[in-house]
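Please go over the structures that come below.
In what follows, chain A forms one complex with chain B and a second complex with chain C.
And now, the complex of A and B:
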């Protein structure tokens, strides 16, 4: 009886969004009288930071600082339609819709500025600080504040835009069954090192090293935060969490945190994160969906590491000490 | 059922309420007094989200009857900042991106506050131990542990 060490590797492709009956998200953008911009969405921020990302995307597209943008996700009854925040689709779908809406709003903004400055709208550019300048003659400029006032009170224009992003439904080809379930994939690879006590079946995860390819990190700090948390959650799925230990029999199902095991701060493995960026062709500024993808590769990596350590394949999650001991017993009797 | 009076200080301010006997402190704080910084994750003592400080000790407000707090001094996460200036722990959580959805954050900060009150320069293991009653679903804990260590360092630098 001994503590045995093992190392496992796993790599995944993960689709961004899903494709059932088509996958749409809509967005509306409008300016206030003082030249701040409202993004109206039904897409919900679950705490993953979607409002911040949408503010960045809108600001980048219109050409204003991020703090000039307010994102309102107040009401899915009255807001523009969104399929929802799931399937790692928020940044990709809503982001694309916001870009389209922001472009249209920007166009109106430039048209009003052009009237004020008596130039052509196509000769104008934004400085990202809240001003509109004539290309090549930056001394000729107007603030977005003044443009908004003019639009509202003088010119009777609405600086606003509509955005719609739709991944159309994909039907399988009759002959081959081939279809296009997703237009955009994120990728990840994890190497996990574990120690398995072959007497008790207990697994200790020593290190988890992850590489994530996520298109483009629109907010690198928030991406890192999500990936670190996701990596931990993947380990948690691999070893601890289950609602239905005797599924489909619901007896003895976990009812709360004292029966639904999650690792605490004391169970942390040393975790490493590397981010690769290969901008996606149809992502907003190249982004893909890292949300759920980041909690996946740890599971097969841990299962492979357990196999490497003690030579048994556990194909049911979570990989509990009981399952390991039963497998070791079966292996010994073969 | 007759209401019972309860009186305590909350973040330095006198509070007096009539409550149903048996009301938890969590319920009294959130729904009577309107301090929603303690979070009810489980209402049975397993998540740590409802942690508050009562007379200097870390307590779970979901397992504490409000009427046992008569005369007590209660601190919640919403009482940590002073005059709009964040408490060093709050600042460290912000700087370290130690929060995602934020649901666990007030409880984590309460647990860390009591730790640093007693152990101004904790080891990593001591931080882990102090946070072990608090569940976080989002961050994977590492940024939280780092934030507490950073706050401890900046405290001791300021003291020196």
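And now, the complex of A and C:
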């Protein structure tokens, strides 16, 4: 009886957005009298930080710092339609809608600035700090604060825009299955290293090294929180979790966190995250949806590592000590 | 976390001001100091609490329901049964034309899974609602139940759901969603090895910090405000509108920050019945799942069975792959026909294989209806595919990582569902994993690229 070590690899891809498309999201953007910007949506922030990302996307597109953007969302009386926050679609779908709305608002903002500066709007650029400058002559400038005041009280212009993003729905061909499930895919490759106690069947995950390709890391810190959380969830799925431990038998289902097994802090592996960026053709600033993908590759990587360690295949999830011991017993008797 | 900017540098301009910047989240101070408001932080004068009487049986006919004792329980204000729900038989994907309507808001004549909602009790306190629910007498005639997908698909199995009339979802393509590409049998015939393996998973729980729920307030203007933690505001509003036969303009849904979803809050379960309760009593109604309900009543991730048959050559090329996927929907569709179909679009995984045959089935059994969860339609498939890849590599004596390089898809490769590959990056992820994990592969794999050959 011994502690045996093994490692396994898995590589995957994952579609962004609702499968087969047909899932619209709208956004509205407008400026306040002093040049702050409101983004209005009905999308839901599940705690993943959607509001923050929409603020950054709007700020980038308008050309102001992120803290000058406020996101109002998840209210059906004020926010235009969004299909919902699921299917790795929030950033991709709503982000594209916000860009379109922000571009329209930016155009009005530049037109008002052009009137104030007596130049063509096409000769203007933003400095990202809240100012609009004449290209090539940056000493000739006006603050967005003053542009918004002018638009509101002098020129009677609404600095606002509407955005809508829709991937047209694809219908699978009945006989061949020809279809367009998604327009862009995120990717991952994970290597997991485990120790398996061949006396108790217990698996300890030592390291999980994840490489994720996500299009564009719009906010690297938030990308990190989502990818690390996903990696933990994947390991948990591989080894612990089920509402029906003896499926298809319905008995013994957990009803609280004492009975429903999940890893605690002491069970978490050393987790490494490396991010590659291949911008997607239709993503907001190239972003793809990595929210679901990041919890998938750990499961087969751990399963393959268990085999590498003790030479038995557990092809049924979760990979419990009981299943490992039964497999080891069967292996020994063969 | 490390950003490896050397990959795909030619496809990216790093000239942005706000994008790519690790800005602190504006909402995190609220989260960590307990100041973020969630829907359940509200309290309204006169608010009632809703509790469900649930089926103790997996499959049973309801002979009668007696609410007389429960109605007399102190604090009880209203008790709802199927006849109170205007459009009691519904299905959520009807909004995108995926029917038939197959589920009851409150059971009518029959229950099809243990835990199914039968009677809703509205009372002044949670405790009174719970106690009164225990006094509702339901007379059941227990029916044979089926829990195993294979059993459910056999002739003569008990019919789980009469609205389907068969224990699988009927797609326009027939009993399963199909993908046919090349000639899979010819591929097997010409292969050096053929390996068929079966993979299985069990249902799992989303385990959000915040359980599913809502609070509904009848407003003075004849409208209803529904404070909810749904993941999809209008999807829920529009389904509630259908179930209640109430114009959408009477409904105002307010969300906010949700304490975790993971796909567990895309079913429309708590809102319609709570709105109905508010309408019939004229009082605010709170319906919030207990942890036990969250774990055993709300939809889990479906159990799946995946059978993969591959033909592989000694040089590492996979020449044929046949996948048969089964998704255990439980007693009702919810999002499962969509999830099973999503699997058909995902197989055979990120590999270029000339001959592919895919069938994915959505199967009904007498268990808690499953539905969406992070990785819906794909997660279990990826487990099966990637363990199968490991087995194939070992079968032909090849390094598992090198074996994947040989088969990895690249830009321009035709996928089984007849879309050319665009924006591939699997090869680069594996190259970086080889380096990061100190897993050596031959030089020729490190010089490969996802870009189309000759570009």
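Convention: the second predicted complex is superposed on the first by the 317 of 334 C-alpha atoms of A that agree within 3 Å, B and C clash if a C-alpha of one lies under 4 Å from a C-alpha of the other, contacts with A are read in each partner's own complex, and residues count from 1 in each chain.
The rule is short, and it goes like this: contacts are C-beta pairs under 8 Å (C-beta built on N, C-alpha and C of every residue); 3 or more make two chains touch, one makes a residue touch a chain.
Source: prediction; values computed, not measured.
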| item | value |
| --- | --- |
| First, second, both or neither for A:25, with chain B first and chain C second | neither |
| Touching partner for A:268 - first (chain B), second (chain C), both, neither | first |
| Chain B versus chain C as contact partner of A:96, first or second or both or neither | neither |
| Chain B versus chain C as contact partner of A:150, first or second or both or neither | neither |
| Comparing the two partners chain B and chain C, which touches a greater set of residues in chain A | C |
| Touching partner for A:316 - first (chain B), second (chain C), both, neither | second |
| Contacts of A:160 with chain B and chain C, given as first, second, both or neither | neither |
| Touching partner for A:56 - first (chain B), second (chain C), both, neither | second |
| Contacts of A:40 with chain B and chain C, given as first, second, both or neither | neither |
| Which superposed partner A:131 touches (first chain B, second chain C, both, neither) | neither |
| Residues of chain A contacting chain B in one complex and chain C in the other | 46-47, 49, 221-222, 224, 228, 230, 233, 256-257, 262 |
| Touch list for chain B against partner chain A, complex | 41-42, 44, 46-47, 97, 100-103, 127-129, 131-132, 134-135, 137-145 |
| Residue numbers on chain A that touch chain C, as the complex places them | 7-15, 19-20, 22, 42-47, 49, 51-52, 55-57, 59-60, 63, 65-67, 73-77, 79, 81-87, 128, 172, 174-182, 184-185, 187-191, 209, 211-213, 216-224, 227-228, 230, 233, 237, 241-245, 247-250, 253-257, 260, 262, 272-281, 285-286, 291-293, 295-297, 299-301, 303-304, 307, 313, 315-318 |
| Touch list for chain C against partner chain A, complex | 1-5, 7-8, 11-12, 16-27, 31, 58, 96, 114, 147-149, 172-174, 177-181, 197-205, 207, 230-235, 237, 251-263, 265-266, 291-292, 295-296, 300, 303, 328, 338, 341-342, 344-346, 349-350, 358, 365, 367-368, 372, 374-380, 382-387, 389-391, 400-401, 404, 408-409, 416-419, 422-426, 428-430, 432-433, 436-437, 439, 450 |
| Complex contact set, residues of chain A against chain B | 46-49, 221-222, 224-226, 228-233, 256-258, 262, 264-266, 268, 271 |
